[in-house]
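Next, two complexes with chain A in common: one pairs it with chain B, the other with chain C.
After this line comes the complex of A and B, so read on.
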């Protein structure tokens, strides 16, 4: 029963990590940038929702109606203000720019909130559904449902809209995309906006399921990187599957052995997979046209 | 129609194009040939807006396009098919072709153009739902042609369209280029297969070391004895035009079949 409980928890929380990882992998797919700021952006999203809940007493889920658009604009602005201006060694320099952005956000959050661990509260945070000896925290279930809905939205954007087609084309071949008239800068800015917007939603859910402070971003970004590496950089579906598999493994090991080994297993699996399959579990061989 | 005048361009490590002077006439098929490193592909990048000239004039239908973006150049009526295969291989054939009309907002126009290109290139309709990457090299080129025609361009720029294709597929490509031209489109073609390219061309241009060294009709350039020297490691005397050169039409060199 412990194993079943671990699997259920892993799937539900894995959905949340899939959401946060989707933002990272989408940005990489289009811009080839590893967005090192994604961890702290999730924490920023968590703090924004935390503050809104405390100030207005609205339900945490309602806060994303404000935080997603706000953080979309943040990502869009960061692209045009910082990344689009880079003229040389854009990929490497973007990496450094996003690292700098992460440091600035962490500094601001440190000043504003300090290092105390906080959590987003709602009336149902401590409520669970019980099925025999299986316990399903309501907040995990809600987090999974919202993650699934948002991932569904991403799917619709990617595969059913003109913008999504432009995004997928840019991911594969930016030069050819330009030659058919796609504004690669606009697509990149919107993609970074979507990635950061997903961090807003992920942050709210993360803040309801765990306590956090600005330093929580380091653990988060490590996990997210593992997920997108295993999923195959640039693959949203891969990130989803990898997130669920990894969190299930972690939770099952945690409940059957020890939480410390659960966390270690997360990284051991990464090493093992990369030894035998460098492109990740679901990634294809890197064959992007230049 | 398309005028290059004293054009210099490069990638930061020095100029590749070193004073190109060239006029592409409306309705012509202009084939640019030259040894590796002559600057042919750089010339095409300048035409498409992927690379901006450092100095010099570049005008299309009387308007300067020297600083235009690829999007603006596309809107002006120039489409380019790049050297390597450049379909979006993970997208379907139909998605690829529809992306050719990315700048057209009217869906009825897109649908009409799609019908037209399906008539010209039946592979588009036959393999519409297949992943473009699953097509053979020749079929992928056909789909690229179809995608390029979705904007109903005035000038089509093709960078080595036969590269990597077996002779039969290459011939289909050449036939398609001839058809495009017959339908009123001006064609600017860069080709490694010198004989095939120049045979197709009304205007032949030879580039070497970033400059135009020789011009004339396709047949004249093909027949010029200096071409043999160029392709066997020699060079062409500056300012040597075909019209003033000797030996036109006699002893055509057997170079550059390429296939």
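After this line comes the complex of A and C, so read on.
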């Protein structure tokens, strides 16, 4: 039963990590940028939802109607203000730029909120469903459902819309996409916007399941990078599968053996997979035609 | 490659170089300021002190970012509050106390750099300790290298004293002593049964829990779960699930605030009824704890400390007054770290004012002498050869109806009746 509990917890929490990692992998797919700011953007999303709940007493899930568009604009703006202006060594420079963006956001959050740990509260945070000895916290269940819905939306955008075709074309070959009339900059800006918007939703969910402060981003980004690398950079589905696989393995090892080995196993699985598939489980051998 | 460069150039928007330079410089500047860690200096002059001439510089490294940022902030508040109080009471040797803070990002590497900088560049006369045993251990070595005393209140893990340094002085109760009164109380209230233990791998929390385990095992209690988890853990549900599965009703947790909050929330979500629960840290964080776990889930939760907002210690009322007026923190929600840092400052000042010199060598020698006894907001202070405080009286506190009260040892004045068994989660009433 303990193993089953570990599997259920792993799937539910894995869904949350998948949502947070989806933005990271999407941005890399289109722009070849490793968005080091994704961790702190998740925390920014959490703080925005936290503030809205405190100020208006609305349900935390409603706050994403405001925070997703707001953070979409932030991502869109960051692209045009910073990323698009990089002329040389764009991949390396953008990595540094996003690191600087992360530092700025962390500094602003430190000033605004201090280091005190906070958590987003709702009436159902302490409630859970009970099936025999299996316990399913409602907040994890809701988080998983929202993650699945948003991931579904991303799928629809990617595969059922004109913008999605443009985005996929840009992922495959930005130069060729430009030559056939796709506004690569607009697609890239929108992609960064979507990635940051997903961080807003992920942040709200993270803030309901754990206490957080600006420093919480460091533990997050390392886990998100592992998930995205394992799933294959650029693969949204891969991120989802990798997140669930990784967290299930971690939780099952933690409940059956030790939490220390649960954490270690998280990284051992990454090493093992990369020994045999450098492109990750779902990544393509050649990510992009140059 | 050339084709790609041409295409990239064609699709790149025009760049206004001057704007880019300004933006880049601004971004760099803001990011350096925002980083808050490493070399960024945060000098903090305290409130004006009438009648004081000259100043005594006291340096501290505080964790304003990273894993200990929540408690690092309260540590800094404690030192600031002490400096203000000390300046209002004649300063040190008639000179104004000037605190110099550096942020260490919770890094054992950065804390070493910070204390070196405080001593060799900022030329502070005295240093006081950082937050946690993890950071106190390396920083005390640096202080020792420069023959500085390190008076501290939040680094009482055995590994600090195991170094054999003679310049470390911990004004709080040592880690091993913190939960002893709880461990001794359990056999008086419960028959031998299963007890679940879990602790984060820090040099403070882990030994504290180990000590309780030893005592309870010797009294016939059974250890069902020993979960040790790393500092980086973000998902605490497997730990909570393992404890729930053990069926233990007495739970001893060596936590830091984030995991302390998360585990209580997990037990509350699962409606896992326990009769007694104690956490090393988390419940002591006042409003932060209440906000994180919810008011009704706080009732009955215990933690060890040497101070609480109603404690009768020296200048304790003044400390509460400073915290409520200057830092706008409610009395019932003041963190114990504030008092621990405040005490370190008090003891330092008392010692220096007694020897009437700022020479660290004489200070160290005096603090080790048999007749050196001090008063602090946490109670009496004296030191062993290794800098532990055997005069400290560690209490166990409990949240009762929204307030923090001392419940153990039961024979001490000011201690109220322990709430036993702990009420079900979510049924505690707001205070």
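Here is the rule we go by: the second predicted complex is superposed on the first by the 289 of 290 C-alpha atoms of A that agree within 3 Å, B and C clash if a C-alpha of one lies under 4 Å from a C-alpha of the other, contacts with A are read in each partner's own complex, and residues count from 1 in each chain.
Definition applied: a contact is a pair of C-beta atoms (placed from the backbone, for glycine too) under 8 Å apart; a residue touches a chain by one contact, two chains touch by 3 or more.
It should be emphasised that the depicted structure is a prediction, and the values quoted were computed from it without experimental measurement.
**Q** After lining up the shared chain so the two structures overlap, which partner does A:175 touch, if you call chain B first and chain C second: first, second, both or neither?
**A** both
**Q** One more residue to check, A:214. First (chain B), second (chain C), both or neither?
**A** Only chain C is touched by A:214; chain B is not.
**Q** Which partner, chain B or chain C, is in contact with more residues of chain A?
**A** After superposition, C is the partner touching more of chain A.
**Q** I'd like to know which partner A:165 touches here: chain B for first, chain C for second, both or neither.
**A** first
**Q** A:123 in the overlay: touching chain B, chain C, both, or neither? Say first, second, both or neither.
**A** A:123 sits against neither chain B nor chain C.
**Q** Which chain A residues lie in the overlap of the chain B contact set and the chain C contact set?
**A** Looking at chain A, the two contact sets intersect at 175, 178-179.
**Q** Going by the contact rule set out above, which residues of chain A touch chain B in the complex?
**A** Residue positions touching the partner: 162, 165-166, 168-169, 172-173, 175-183, 289.
**Q** Where on chain A is chain C touching in the complex?
**A** For this pair, the touching residues of chain A are 1-2, 5-6, 9, 13, 80-82, 84-85, 87, 90, 97, 100-101, 103-108, 110-111, 114-119, 121, 125-128, 130, 133, 135, 137-140, 174-175, 178-179, 184-185, 210-211, 213-216, 218-220, 222-223, 247, 250-251, 254-255, 258-260, 262-263, 290.
**Q** Please give the residue numbers of chain B that touch chain A in the complex, ascending.
**A** 48-50, 69-71, 74-75, 79-80, 82, 84-91, 95, 98-100, 102-103, 147, 151
**Q** State the interface residues of chain C toward chain A in the complex, per the touch definition above.
**A** Residues 3-4, 7-13, 15, 20, 23, 27-28, 30-36, 63-67, 69-73, 106, 201, 227-230, 232-235, 237-239, 241-242, 244-245, 257-258, 261-262, 265-266, 268-271, 285, 288, 291-292, 294, 297, 425-426.
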